[in-house]
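Sending over a structure as structure tokens; questions will come in a sec.
Letters A, B, C and D mark the chains in the order given here, with residues in each chain numbered from 1 onward.
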Amino acid sequence: MARKLRMGMIGGSLDAFIGAVHRRGAALDGEIDLVCGAFSSNPEKSKATGEALYLPENRVYGSFEEMILKEKELPEGERMDFVSIVTPNHVHFPAAKMALENGFHVVCDKPVTLTMEEAKELKVVIEKTGLIFCLTHNYTSYPMVKEARHLIKTGQLGDIRKIIVEYPQGWLIDLVEASGNKQASWRTDPARSGAAGAMGDIGTHAENMIEYVTGLHITELCADLTIYVEGRLLDDDGNVLIHYNNGAKGILHASQICNGEENDFNFRIYGTKAGIQWHQMEPNTLILKARNEPAKYLRTGVGNLSRHAQVHSRQPAGHPEGYVETFASVYRNFAFAVRALWEGKEVDPDFDFPGIDEGIMGMAFINNVLASAKSEGKWTKFVV
Amino acid sequence: MARKLRMGMIGGSLDAFIGAVHRRGAALDGEIDLVCGAFSSNPEKSKATGEALYLPENRVYGSFEEMILKEKELPEGERMDFVSIVTPNHVHFPAAKMALENGFHVVCDKPVTLTMEEAKELKVVIEKTGLIFCLTHNYTSYPMVKEARHLIKTGQLGDIRKIIVEYPQGWLIDLVEASGNKQASWRTDPARSGAAGAMGDIGTHAENMIEYVTGLHITELCADLTIYVEGRLLDDDGNVLIHYNNGAKGILHASQICNGEENDFNFRIYGTKAGIQWHQMEPNTLILKARNEPAKYLRTGVGNLSRHAQVHSRQPAGHPEGYVETFASVYRNFAFAVRALWEGKEVDPDFDFPGIDEGIMGMAFINNVLASAKSEGKWTKFVV
Amino acid sequence: MARKLRMGMIGGSLDAFIGAVHRRGAALDGEIDLVCGAFSSNPEKSKATGEALYLPENRVYGSFEEMILKEKELPEGERMDFVSIVTPNHVHFPAAKMALENGFHVVCDKPVTLTMEEAKELKVVIEKTGLIFCLTHNYTSYPMVKEARHLIKTGQLGDIRKIIVEYPQGWLIDLVEASGNKQASWRTDPARSGAAGAMGDIGTHAENMIEYVTGLHITELCADLTIYVEGRLLDDDGNVLIHYNNGAKGILHASQICNGEENDFNFRIYGTKAGIQWHQMEPNTLILKARNEPAKYLRTGVGNLSRHAQVHSRQPAGHPEGYVETFASVYRNFAFAVRALWEGKEVDPDFDFPGIDEGIMGMAFINNVLASAKSEGKWTKFVV
Amino acid sequence: MARKLRMGMIGGSLDAFIGAVHRRGAALDGEIDLVCGAFSSNPEKSKATGEALYLPENRVYGSFEEMILKEKELPEGERMDFVSIVTPNHVHFPAAKMALENGFHVVCDKPVTLTMEEAKELKVVIEKTGLIFCLTHNYTSYPMVKEARHLIKTGQLGDIRKIIVEYPQGWLIDLVEASGNKQASWRTDPARSGAAGAMGDIGTHAENMIEYVTGLHITELCADLTIYVEGRLLDDDGNVLIHYNNGAKGILHASQICNGEENDFNFRIYGTKAGIQWHQMEPNTLILKARNEPAKYLRTGVGNLSRHAQVHSRQPAGHPEGYVETFASVYRNFAFAVRALWEGKEVDPDFDFPGIDEGIMGMAFINNVLASAKSEGKWTKFVV
């Protein structure tokens, strides 16, 4: 008989931010049960988290290594099916690798690893094991992002010419990492976050979004990175000029010092036939514009959206959907893929999710942006 | 050891709308497990729904009566703790009454019953059993609705003078109930929906919202109800002038023939010191205005919101929260209340949810509006 | 040779609000020259205003009577062609009557007179003299209001069902008229403003707008008027239910105690085929909605608007047009009508402006609303 | 006795766009009379334009040279006081120079000249003659732009860190200049427009805006210019990274191929204390944001704006002001400066307008952007 997938979580103790998001996302569609966890490298915190989540004591572990090994020994009808890795970045690689090598599918937060070398090694492991690896670049799961991709894919924008993608935040306008903000503290620490700050944390979302929506690839870029806040170790702002492989040009900027901005991720894409505009903070609207025509406000739940958009929407029109649903969609689609593997069926391509290739592209983006930032030449060729 | 609450669902087969919303809401915060269901009066549909939800066959029932009786016989560690009633309105009363009388707490969709008589009888049952009854007037669970209530309660608007509440929808602009639309079909059928159409379905949300946010009560009203679509049996539009018990005056209108409107529930409340404005379709913003001052856009997740608002928000600023979270909050707060009952503790008043009194007020609203609509006098005294 | 029209102004001294608006509106399109004025019943103020406006001393008068009589004696090539009356309401009738009877066309601010009797008498005078009378219900001159009228006239909304028109302001939340605010002082004084307060000042704009845009007429109404501010003599708030002659129903509310609202005049009109929405504070956008279709944002200057809209727009797309242009359009269209009269030509119907009939309808609206407010019956038949 | 200023217009025949804008702007505040014109190099067109504007035949000229010489010979009480130059760019320099050298003040459209050499020579002429030269960078005249400057000047944003200025338009998405569009035709012709296309036409507005609002200067930039439309001779799109003299960094992009964009000029400026956001298409709102505080929507006409903002606003709150008022303010402030010169008084600094220095800076911007676009080095030092 069909059953829910069983998830073991790595990271995500009670005081973390993204762990709870993943748990809610995984729970929303009723496809997945959380059955165990190694929620913290601090065993006390891990235990307290497990209790708060109503997990049996014997399924709460003190380390991901322990969890993977012990779960592996449980009977098939009981042990977890996959791990969800929601730790700071430096743990992604060892945890994912070990899970895969012990037979568990993996859902992993982004960026995929600390370095490109790790990312590429991880790809080899994934291919060798034949297991499913899902990277939670969640923002591409919004229904109107799917619709944007559909519009471009079906030619409704014509040839793409100009692309503006922005990711302004303002929460790091001063040295909050020095005053015990846990989120800020690891995100600005090269040892746990990687070589880039804002560019890694949110710039990679912007890069991933544009490649997903347009299907284009970056060929060269010119980056201007800054550390505005004294004492900070990684970039908190970056402006990048970009050339794409079809001749389109664009701008990508991401920042954590845009005072007063919440999380205003957005894009505008202009083609020869039309342009589109989307804002993450009002995600259920996609504006479609063309010269001398009234702008059309496409809305989640309204009218003849593509099937791709429709299967990523859960409510009728006017009942707002938001951030947690993007995680839910990633987890649901991942669950469908695991189920398809179990049942030897094809995966429905409209139920897509990001994987290791998107992770590698994100690492390449970080590396190329950093290289360009140090270069005196205008254009840095994009190398993966 | 602490454990999740166990939910049995009444109604909510796969082709229903609101059942899935309740299931997602109940699942989101990890406090509740769906363990059984009588999803349809059609046993085949109930069974198919149970399978799709990965429920064991023996916990899927052909009727709510069967479920209540059989679950009651299960051992304490296994049987459901409460029922969630998500059927058309005419089933609410018998299902809730039987559940309560057999020892199960109840979550019930609104309006609470078909008639005021049933609502008042239900209140007697609730009081007699001492069990917890929760009515899913979900819209008051938005964080910024909590903040609106807080602003008014703490006097930041001064004395309330004028209240405008609107609930325009456009999905019933023609006789969709004649062409097999399940949602439209029962909502426009007096036998299953009750004596009012739009006024019952969405007008009661508007009435409940204003009483919740302002703490005021209606003293008299003047209603103009219409059936615009030929062949329809219940009002699809209503405009109501209202007088409140503090001298405030206002307008409430609700409609299902506002062509092109999705679900634009909104209110504006004006006091001697300031005014506020909120729109359900952009629920994370509450606009606070006063003469000769810049309008302030209060936002979910930003700054010093009241604790009441904060505990109903799950994400940091700029990560949109929506409709499903309102159901999640109602279910979570209900679960906390049940748990408090189990543990003999006080309920934290910031974790509130609507109950039978709100249900009775909704029935009174329907009755008074219908009476006024038939009256040639201007003002109909509001009788509960 | 063609020449500009010569305007004499009655009222509009330097400390008035609306006089400067009229002067700018009249000047904008280069069709009209201000040549003389009786700017105040206080001759010193009138003189000072004339000087500030660079008028020759001998064309600045101490009273409108003096101006009309003296200008009449000037040679044809020099004397004014028309008067513009921008005084408090009680002066409208005597000034307009005398101007007409002495051969001058008239532009007059609204409401047209203090009473219906005056309004009807004025109509007789206008018809007898054959001169042109223009009432500055300026808001119907916005290009997107013209487009709204065009959409309805050409059937693009289908049959009109529901009409919501709102006019909330917040500047009279307290007794500003007691502390020397000139605008507030006459507008709340029955002797100078007439029998209604908010309903006369802005409610008539709302009534005029809906009749203009839809072509419908009110058949009965139910009004709830309030004086919220202690010591005030006229209504500062009103809510009205309305029935129209085609069976449409609606709500009109106007208020000057909506704390924090600036001048948020707006309407929503729903028909069987589509609905529209327009806000005066963002006047260059008209939203056209229909069920299951993306909303279309029609914009001033964009695409295939009706000629009626186009001739009321002066800028290319994206160059905002505003309030002063609505007065400019009224004055320009009035000037074209005078010129057509001079030249014995037909008036182009797309260059329309309000006249005495709109003024009479406004007085009727005031009278019927006041009657209904006092009535205990629900519906008051609308009498003109 | 005080009198209006007398304006002679150069360019601006009936089929031009910007001439009518200037005429309306000059007329709006009643400080200026149009008395003569050389509206076209085609004498027939000039004559027809003069007639349509009700000018006497003998004040309509066939060339600006004729106008300047003939007007000079008129008696002082009759001849024009200044010229307004609204021709394509290549005429600006000769017309302005000749006017100044013959004793007439000058209002001139931007960019000031075709080349930097001309601009610098013009500055010498201006200084030598002591006459007043006004450049119509109109966009800085919006009241909320004045307020933005005030906020920054008074330290309310703290130290400026990041500046994003955008000027997207979409009207040149194809080769409209080949099909008789007059506006497109000269703006894309190097001989009449200068060395830059979009960067000269609208990029200079963006550069001028930021320098005006922040008081900062560009120290180096990195430009990526593109001609997207085949057959076009000048850039129709440009993306520029910028470093400012206080260490701030930013992005400027301007485009005429952003399909569906009207005229969406906007800026966002982030400082250590707060950030601001302004959009030309909704010019009466300035959004002020800071971390963990509700955003404040500052509005024209509302509350305690700076005097600088207030004297550039003409209406009470909620009565929208727009594009034509920006020209009116430039003309009015210019008129006040001329009048102050006549009367030997000081100019009130709140009534400011752009002049030759802003023109020179605009030419420098064009030159530096073009130099950077050709360079393979990342940063081009900004040279004036």
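Criterion: a contact is a pair of C-beta atoms (placed from the backbone, for glycine too) under 8 Å apart; a residue touches a chain by one contact, two chains touch by 3 or more.
Computed from a predicted model, the values in this text were never measured in an experiment.
Engineer: Could you tell me the least number of steps, going only between chains that touch, from chain A to chain C?
Structural biologist: 1
Engineer: More C-beta pairs touching across which pair, B-D or A-D?
Structural biologist: Output for the comparison: A-D.
Engineer: Between 0 and 180 degrees and rounded to the nearest 5, what angle rotates chain C's CA atoms onto those of chain D?
Structural biologist: 180
Engineer: So what's the Cα centroid distance for chain C and chain D, whole Å?
Structural biologist: Once rounded, the distance between the two centres reads 34 Å.
Engineer: How big is the gap, in whole Å, between where the Cα atoms of chain A centre and where those of chain D centre?
Structural biologist: 44
Engineer: Measure off the straight-line distance from the CA centroid of chain B to the CA centroid of chain D, and report it in whole Å.
Structural biologist: It comes to 55 Å between the two C-alpha centres.
Engineer: Return the residues of chain B touching two or more other chains; collapse runs of consecutive numbers into ranges.
Structural biologist: 171, 261, 288, 293, 295, 299, 302
Engineer: Under the touch definition given earlier, write down the residues of chain A that touch chain D in their complex.
Structural biologist: That would be residues 157, 161-162, 164, 168, 170-171, 173-174, 222, 224, 226, 228, 237, 239, 241, 249-251, 253, 255, 257-261, 268, 270-275, 288-291, 293, 295, 375-379 of chain A.
Engineer: Which bits of chain D are touching chain B when the two form their complex?
Structural biologist: Residues in contact with chain B: 288, 292-299, 302-304.
Engineer: Report the residues of chain C in contact with chain D in the complex, numbered from low to high.
Structural biologist: Residue positions touching the partner: 2-4, 17, 20-21, 23-24, 27-30, 34, 51, 53-54, 169, 171, 261-264, 280-283, 299, 301-302, 314-325.
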